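As written, the chains take the letters A, B, C and D, and residue 1 is the first residue of each chain.
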Amino acid sequence: MTQPDALITLAPGIKVSPGFIAEHIEMYKSFHRAPELSSQEHATAAAIEARLHELGIEHFRSGGTGVVGLLRNGEGPVIGFRADTDGLPIAEETGLDYASTATGTLPDGSTTPTMHGCGHDTHTTNALAAAAYLTANREAWAGTVVLLFQPAEETAAGAKAMVDDGLWDRAPRPEVVLAQHVMPQPSGTFTIRPEHMASLADSWRITVRGRQAHGSQPEKSIDPIVAASAMVLRLQTIVSRELAPTTPAVVTVGTFHAGLKENIIPETAEFSLNVRTPDEDTRTKVLGAIRRIVNAEAAASGIGEPEIAEISRFPRLYNDPEQAERVEAAFRDAFGEDSIVNAPLGMGSEDAGWLADAIGVPMVFWAFGAFPAEEFEDGKVPPGNHHPAFAPDSEAALVHGTAAALSAMLCYVGR
Amino acid sequence: MTQPDALITLAPGIKVSPGFIAEHIEMYKSFHRAPELSSQEHATAAAIEARLHELGIEHFRSGGTGVVGLLRNGEGPVIGFRADTDGLPIAEETGLDYASTATGTLPDGSTTPTMHGCGHDTHTTNALAAAAYLTANREAWAGTVVLLFQPAEETAAGAKAMVDDGLWDRAPRPEVVLAQHVMPQPSGTFTIRPEHMASLADSWRITVRGRQAHGSQPEKSIDPIVAASAMVLRLQTIVSRELAPTTPAVVTVGTFHAGLKENIIPETAEFSLNVRTPDEDTRTKVLGAIRRIVNAEAAASGIGEPEIAEISRFPRLYNDPEQAERVEAAFRDAFGEDSIVNAPLGMGSEDAGWLADAIGVPMVFWAFGAFPAEEFEDGKVPPGNHHPAFAPDSEAALVHGTAAALSAMLCYVGR
Amino acid sequence: MTQPDALITLAPGIKVSPGFIAEHIEMYKSFHRAPELSSQEHATAAAIEARLHELGIEHFRSGGTGVVGLLRNGEGPVIGFRADTDGLPIAEETGLDYASTATGTLPDGSTTPTMHGCGHDTHTTNALAAAAYLTANREAWAGTVVLLFQPAEETAAGAKAMVDDGLWDRAPRPEVVLAQHVMPQPSGTFTIRPEHMASLADSWRITVRGRQAHGSQPEKSIDPIVAASAMVLRLQTIVSRELAPTTPAVVTVGTFHAGLKENIIPETAEFSLNVRTPDEDTRTKVLGAIRRIVNAEAAASGIGEPEIAEISRFPRLYNDPEQAERVEAAFRDAFGEDSIVNAPLGMGSEDAGWLADAIGVPMVFWAFGAFPAEEFEDGKVPPGNHHPAFAPDSEAALVHGTAAALSAMLCYVGR
Amino acid sequence: MTQPDALITLAPGIKVSPGFIAEHIEMYKSFHRAPELSSQEHATAAAIEARLHELGIEHFRSGGTGVVGLLRNGEGPVIGFRADTDGLPIAEETGLDYASTATGTLPDGSTTPTMHGCGHDTHTTNALAAAAYLTANREAWAGTVVLLFQPAEETAAGAKAMVDDGLWDRAPRPEVVLAQHVMPQPSGTFTIRPEHMASLADSWRITVRGRQAHGSQPEKSIDPIVAASAMVLRLQTIVSRELAPTTPAVVTVGTFHAGLKENIIPETAEFSLNVRTPDEDTRTKVLGAIRRIVNAEAAASGIGEPEIAEISRFPRLYNDPEQAERVEAAFRDAFGEDSIVNAPLGMGSEDAGWLADAIGVPMVFWAFGAFPAEEFEDGKVPPGNHHPAFAPDSEAALVHGTAAALSAMLCYVGR
């Protein structure tokens, strides 16, 4: 005899029906099939708006394709919950039956396959599932949850766009902003730490302007390829000589372009770099060293300061120690002492922090696993975020992400 | 009272009418207006053929757009005379009323303005004028002049193409091949030396294959930008440390391209270089050093030998000492002792030598001036070959180039 | 009213008289005044022997200036306790009234001031004080403590010398080897971790052999200064590009010597480097990369593989997780939960591990503080090990070091 | 029957006895046996003074070990003739029976074997032989020959020292200064050119001041070895990229010294370099580029401008075109048209020019051969100047050097 009414427990005191689960897994697959590139999340935003409307949640746009839902439930604390919405220009290789078939348009006008290769579809679905639960269980909580569906996380543009568009003029000021990320760790485990949860990241484009001449007449030139090559090599010394060996930082030159013809010394060389640093002090030091080296190597070639243009800037993702401890305690209570595994910090970046830092309120960010334990046996690891085969388990992603979101929210707004 | 019949003396015993001069200046301007890129000299070749036909000179195509005229005049020595025909992808800035308005198509499919920026229009006209003179003055000489209208000098492809197409199977074997070049030196002056008259030149494309990874995970990558930058810097030591200070050689890296995104360490970096060397021994040494350094720097990065592809190769331009002395003596006789100024050798390259070297006959190559003396006062120099403002005086170019061509030819075939 | 007999509690159940404290502080100051350089600890060894004799402890020499005491107390566990004894070639700048006035002779024959700048005088005194306590309190324990007074820790030569000299053939095999180090952390605090407690360190000397020539004739030379400079720069990429940003490793080139005269390109360049790595895998990777880069850069210069000579090699210092937890628990019990502060790991090195690794028994190593808490206020830190002003508080060093040594020993041999 | 009186003709009209030849060959061997280092030519100067005294020639000291002879012969032109006197710190390997057995003291106090490895013994003997001839043949000439026995040519200090010591206040102002050098070219041949006869040479010592730290703490250091290595590599680009390929110049870093211990990043790195340039303009350009690069690479490391100290400076050696033509014509007359072979210019340096430049009078400098023709067969060359086996033929050196000296002098002061 079946028990159609048997409820599923997401966390102590948080129960949902099998239909709730099934419905949201379908929602997740639907988002997964149709990823949109950063700042182009038009259909995704429309789908979110439609669902919020369905749930009766007041909402508005902020930052173009950003959507803000205001889930009010009387007097009580105000909290923010961020879910990012954009996909990546990656050709999916998961072999899933709900794999992406979508494409997007890159800044240079070319077309690319797109993929939810970072799991933002999970985050969006978790936020909408939590909203559905909170809407249906108003007796369990009081206050206001500001649902922040943020676009363009991958380009570090979305959080800033929402803030700059007056987000916090229209939404009530929260006492904390929460956010989460699905990561390649076993289902049911969590990573949450005080202080820095992700690297700061900065990308720069540097244009070295020399003097063109025929390749046989170097004396009439100032060779920008030699100058830029010297810069590339000297930049290596920042990590090797200017930082403590225990400071996790990286300076990558990802592009280098100069010249059209092998026998013409070109006028300019252009390269771009990406920097990851663990905190503001290191960031300031490394960016200062890059500027110093680039300018000095230009001077060594007898040319002026190269043009430095910022491509993107990921701010800090700083977990307020007190608030992070509060959420961690909630997780320990809900999911067990062993659920906190604190996987090693990589060098990833996140712009969620700006949603809180911009108004000086604390942030709490955690990672949750959604991969079967056997994928980690014998030192194996499943393909990680941004890999074409990145594939969290859909049910685990829905269940554990929604459970974590609700547990964290309710430790602030729960009755 | 006008003297319409007064003849103009190009050199002792070589007289032409004012009409001859005027007609060929027009011909020169006509070539100047319509430069065609290397290996695309279709209209130029057709114009040459039409003129040879008009002069009654037997001719055939060789190497695509190369034209060979066989100017026979009974028993006697056989000599070759080379004139190159191609223009350059340069936007002319001479302000001349006969400046080029033509365009051409580059290998990548793009369109470019074209210019006779190296004076090949001069050479072609000189050869046709000399042919007209020899046709009209058959009593003055005996033998055969093989007129070699060579395409694609700028890419070092034309001489080889003509030879490979069976040039010397169809034309009689000459005892010497002559060639000339207009240069920024005063009208009436000549440069002619024994042995090396131009640099050997080699162009290579080098592809460094590393391993791609995210910019935050250098440990998973082999960074080809760092490897290629190290190669660029190490290549500088060939000229600075491996050659005698008195050996004129140059190694220029003219292009460097790698990467699409600042936060992705790319799979490959590609750069191209151009080498100028004064002789075969130095060439062998420098090319060997490049290969050694590129392979070793790749090994320093833990990767295999980069792919090295030859883009072009300019052979030696070697003046046979005995024959060069013979032509120089003819010039001293014809134009005076002071006409031989031997301007300093630059690092230019020429593929004419292959027309002679391929069949083991001696070559004589000289430069002639066609610029007013005042352009050299007070240490000034007029814009040189390949400069957008390169502008020999049209009458001087015609007169001195034709006079030199005929003087040199006649010291072999003259009666 | 004074209480001359009141005993002082070092740890629960471990009480000593004020006289015991005073006597050993004097012993400490006496060692501090007369530091001897590595492998030259003759007077220090003699003083240790005299004291062991006085205490009635059987002893023998091992590894030259190493002294082994066998403190037997009936049936029971056997443990080892290591104390290092050598000083440094540093001119002391502490201003202490018991500052060093000693000198030593360096390998090159020159004389240097010496200083116990790393606190080995503390360790030696702690071991002797513990021995005195155990001798006087035989009822409190059973078994054998092998006291290992090890020379030449600073040069990584002493532990190996003792083992190679047959240490473990003469002393009974212990079930664990204990060792400790005074560090700049507050008095009463300890650092103890499972697994790696210090960096592995390797020092190499590299000789690059080029070809000598006059400075005006680089073409006759192979320039070893250019080759070695390229090596120095390329070595930077190991840390910057070949290791994960989170892997704490360092490659330092500390010396570079080449040439006698500015206008002679020398035959050879010699440089030496020091490498710190957190574990064997990273060590293998980094040393392999150094060898690869040095050989490849030599190849880029057209020379054979440079000579690489090992200067020194600090092995791992690996805390057996189970045994470290046992000692840590003993410290928590004895000194309170808050006493374990686990100061951040630096990049220091230690050869104590070899005393245990050589015979495959577990090691436990900890650091203890001996500096007043106020020296750490407001982010300040006192001068650290190897600094000319390094000055642990003499009483704190004696009390906390001896307390830790006894607590750790007694958790194995205590009744 | 012997002919003891048969005279030997050095040049048309210049005859000497066999005894004259034999005596001066002995003198040459005597100088050869006892070379003295630069600025230490005490015995050599004394021998010269003794000989001048013997010849009745007025003389005085100038510049320490410099000797000036005033050979007056009535009214007539005044000319200078320079002969340098110093030897080199080289261990002679000629195997000659008159090889050097002398030693000298280097600036650092160490002792070195010495050798007349540059042939200054030849020059000194030639000048004394010419003086003897002129003294004995006063009827053949009129005027004054200022004999300049100059010390310290090898360190570029001697000419300047003589001038600074008031040479031209005490000696009459000449209308020309003559000087010669023995070179590895066949006996009886000469090299004499207008304008630049030798490279300008500059030597600098550069001290890069970083910040010392332990090798495991690069973040506390500014690594001067990395900075100086980057300088060494960047300096290569001056010759490879900033000068025309046809400009013969060289920048050699001959020494590099830094650090005492492989695990200490040192405070400073010091390197020295030697620069050869063909003319003042290139010299200015290259020295400026060195300064620019050194300062910029220091800035790239975040340190101030390194200290640059001049070690030595060889001025230009500029042959006045008119006067050089006069001497060349005298040589053609005396030794035949084929005697002027003009061996290729190397990158050698000479400070003789300052003796003339300091007072604005013209200089003429030539090289003469003193090696058997067979040493040059089949492309061979005998060991050159500064080589331990450098060995001009003693008779050829005496005969051809004296003949050239007298021929050149007499084309000014001959009757």
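As a working rule, a residue touches a chain if its C-beta (ideal position, glycine included) is under 8 Å from a C-beta of that chain, and two chains touch if they have at least 3 such contacts.
The structure displayed is predicted, hence computed values, not measured ones.
A.B. asks: Moving only from a chain to one it touches, give the least number of moves from chain A to chain D.
C.D. replies: 1
A.B. asks: Going through B-D, A-B or B-C one by one, find the pair whose contacts repeat those of A-D for over half of the pairs by residue number.
C.D. replies: B-C
A.B. asks: Measuring centre to centre with C-alpha atoms, which chain is farthest from chain A?
C.D. replies: D
A.B. asks: Please work out which of A-C and C-D is bridged by more C-beta pairs in contact, and write that pair.
C.D. replies: Between the two chain pairs, C-D has more contacting C-beta pairs.
A.B. asks: Whole-Å distance, chain A centre to chain C centre, using C-alpha means?
C.D. replies: Once rounded, the distance between the two centres reads 44 Å.
A.B. asks: Using mean CA coordinates as chain centres, what's the chain B-chain C distance in Å?
C.D. replies: About 71 Å, centre to centre.
A.B. asks: Using mean CA coordinates as chain centres, what's the gap between chain C and chain D in Å?
C.D. replies: It comes to 57 Å between the two C-alpha centres.
A.B. asks: Can you list the residues of chain B that touch 2 or more other chains?
C.D. replies: Counting only residues that touch two or more other chains, chain B contributes 216-218, 223, 226, 230, 233, 236-237, 240-241, 245, 250, 276, 346-347.
A.B. asks: With touch defined as at the start, can you tell me which chain B residues reach chain A in the complex?
C.D. replies: Per the stated touch rule, the residues are 199, 201, 203-205, 214-218, 223, 225-226, 228-230, 232-233, 236, 250, 252-266, 269, 271-274, 276, 311, 346-349, 386.
A.B. asks: Sort out for me which residues of chain D touch chain B in the complex.
C.D. replies: Those residues of chain D that touch chain B are 233, 236-241, 244-246, 248-251, 276, 344-347.
A.B. asks: In their shared complex, at which residues does chain A touch chain D?
C.D. replies: Against chain D, chain A makes touches at 216-219, 221, 223, 226, 230, 233-234, 237, 240-245, 247, 289, 292-293, 295-297, 299-302.
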